[in-house]
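Please read through the structure below; I'll follow up with questions.
Chains here go by letter, A, B and C, matching the order in which they are written, and residues are numbered from 1 within each.
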Amino acid sequence: MSETLQQLLDISIFWEYRTVLLRGLAVNFYVFVCAAIVALSLGLGAALLRVSRRRPLRALGTLHVEIFRNAPDYVMVVWVHFVLPLLIGTLLHTRFELNPFVSAIIALGFVYSGYFAETFRAGIEAVPIGQIEAGRSCGMSDRHILWRIVLPQVVRRMLPESINQFISLFKATTIVSLIAVPDLMYQVSMITQQEMRPLPLYTGAALVYFAVILVASYALRAASERWRNKIFA
Amino acid sequence: MGNWQRLVWNQRDALFSGLVVTVEICLIAFACAIVGGLLLCLIRMYVRPLRPVAIVLIEFFRATPILVQLLWVNYAWPALFGWPDTFFTAAWVALALQSSGYLAETFRGGIEAIPRGHREAAYSVGMRPMLVFRRIILPQVALSTAPSIVNQFTVIVKSSTLVSVITVQDLMFESQRIVNIWYEPIEMLTATAAIYIIIVFLVSTAGKALSDMLRRRFGIAAA
Amino acid sequence: MSEVPTIRVVDVHKRFGSLEVLKGVSFEVHRGNVVSMIGASGSGKSTLLRCINHLETPTTGDIFIEGESLCFRGDAAGSRAPRPLSEINRMRRDLGTVFQQFNLWPHMTVLGNVIEAPNRVRGLSRKAAAQLGGECLARVHLEDKALEYPARLSGGQQQRVAIARALAMQPKVMLFDEPTSSLDPELTDEVLGVMRELAADGTTMIVVTHEMGFAREVSDRVMFLHNGLIEEEGPPDQMFGAPKSERFRQFIAKYLY
């Protein structure tokens, strides 16, 4: 036991590989940011479909949400990485491959667009119709009302909930290690295979993610509260 | 269509055995997460000296990615605690840890949402604290958090796809094993994705129906 | 009168499913006139106002703003086509609307609310819009609240901001839909005071209200709406002094206790 404890406390191995590991963490952030952009834009699109006046468009939005909100991240990552290129290749009659980065971003972006769509929709529906009519009576176009009246409020209102989703998305980026995107988890697995010392490495990785996510979530929450309170007194 | 028959339908036995493993793991993890979550929540709220420990555990379980927890339990725990001794155990333990953190916070929200007056009314008719908790608090919390608890089960199902990484032979594992035999992933992986999506969809629809029912019958808004 | 009426409502019908809310309403409002519209709850006052600024499309009938049809666009051949939304938006700029529920945009400051449309719809520069916004806020006596957010204002102040926001479009007509109904009595007076000043300045206004005193003192003409029809109309002294229809008599009796 004392030997394991010593092994556990021996973080020098983490220090030894610090550059590789930090680069891995940076990859997590990179995938996170790209996937978040995809997820937010698709999510907004799907939310707008869901509040549309036309029934077929609404149905399309609902389909999008139900598929991606219910799909496990890992299954989607695998599907996009191994199936999507074959389908595209068949369509184009060529060999087609997806870089694992791209697969990861597409898959996570689509999955999380399902969650964001629901968040956006709830936010859009929470804007009183009277405010939209006030905009119409001033002669604003629907697009103007959407971008200047509705969305700014949606963003503020939905911030707390979307922070949770951003954090889930960040956590989900660890999955990309499984299709050989060299993120922190991937590097840890590689180093483990060389050093055969899983205990400090995996414990260390867990602690690193724990620290990053805990700090980020507290900071984001505090910032968003301050920003919101100015408007929704 | 012939492909679907050959690559998916003819593999149904393997897929089914994988599905059984998935369901087993999810149910065990779910049950343990409810018990663990309740314990963590009660310790956090009522056991002063252990409160910081409970908070750290809850935050740790919630803030660590499930893949990291899974690998950590699988590779680090045996060296630390000499347990778990099988991949299967490691799999449900990791899933249960993650969800117990979330459920602990759900339960706390449910308990804190109960108006003070309910407790005071119970004390004023002479009920003892344990009785108040069992008869007044717990039933209300169970009702108000039921939809969130069901929702947590969908999280477990989704996360359970990762246990294939530590060679637990669940649905995802079987599916990928079959893909690796013929290298024809289109049908198999699409079918697998569809199965998971349908399962999660059904569970979350049930959760939604449950919360609607509770709102109608008891006027309870989901926590 | 030879002058083109600012607003002309011609035989407007409005139906929601099987419910016919407006059953053929026609009237005219001339420049500088203040018209009060009164009537029981559900008589169709709001619906009529919403038809005038095209938040609802009349089932049949038409509305003319300075002689221009709001619902249809006539072409050279004389055939009429429904007016596209972009043109309706252009025509709406001539109508300033004040709602019962204020409907301020909570994420913008008071000044932001007032200058949003002049700046982005009419295309005034930010500076010119701010100048105009300041003037409009001065007319409702809220210059000093320009940089507050709406959530920090009282109801009466919020409603005055809403009036300033409508004024900032420099509309030809101001439409008010029960602007004081969601206010406490003390706050009602400050809003009615502002509206009196607007009327005195010669603003053309259509006011839906339950404030009989205001209708009587300020308006040039009162219209009593009942079951989707104008039951009685005329100058306030005549209406309140010698009501002709039995229904109107009953209606005002309730307000006189």
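In this section, a contact is a pair of C-beta atoms (placed from the backbone, for glycine too) under 8 Å apart; a residue touches a chain by one contact, two chains touch by 3 or more.
These figures come from a predicted structure and were not determined experimentally.
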**Report entry** Starting at chain A, fewest touch steps before arriving at chain C
**Finding:** 1
Query raised in the report: Comparing centres built from CA atoms, which chain ends up most distant from chain A?
Result: C
Query raised in the report: Of the chains present, which has its C-alpha mean closest to the combined C-alpha mean?
Result: A
Query raised in the report: If you average the CA atoms of chain A and of chain C, how far apart do the two points sit, in angstrom?
Result: 47
Query raised in the report: What is the distance, in whole Å, between the centres of chain B and chain C, each centre taken as the mean of its C-alpha atoms?
Result: 56
Report task. Starting from the mean Cα coordinates of chain A and chain B, work out the distance between those two points in Å. Result -> 21
Requested in this report: Could you tell me which residues belong to chain B and also touch two or more other chains?
Outcome: none
Query - Residue ranges of chain C touching chain A (in the complex, touch as defined) - result: 53, 55, 85-86, 89-93, 95-97, 99, 101, 103-107, 116-117, 120-121, 149, 151-152, 162, 165-166, 169, 175
Query - Touch list for chain A against partner chain C, complex - result: 128, 130-131, 133-142, 144, 148-149, 152-153, 156, 230-233
Query raised in the report: Hey, which residues of chain B end up touching chain A in the complex?
Result: 59-60, 63-69, 71-72, 75-76, 79-80, 154, 157-162, 165, 172, 176, 179, 185-186, 189-190, 192-193, 196-198, 200-201, 204
Report summary line: chain A residues touching chain B in their complex are 4, 7-8, 66-67, 69-76, 78-79, 82-83, 86-87, 167, 171-175, 177-178, 185, 189, 192, 198-199, 202-203, 205-206, 209-210, 213-214, 217
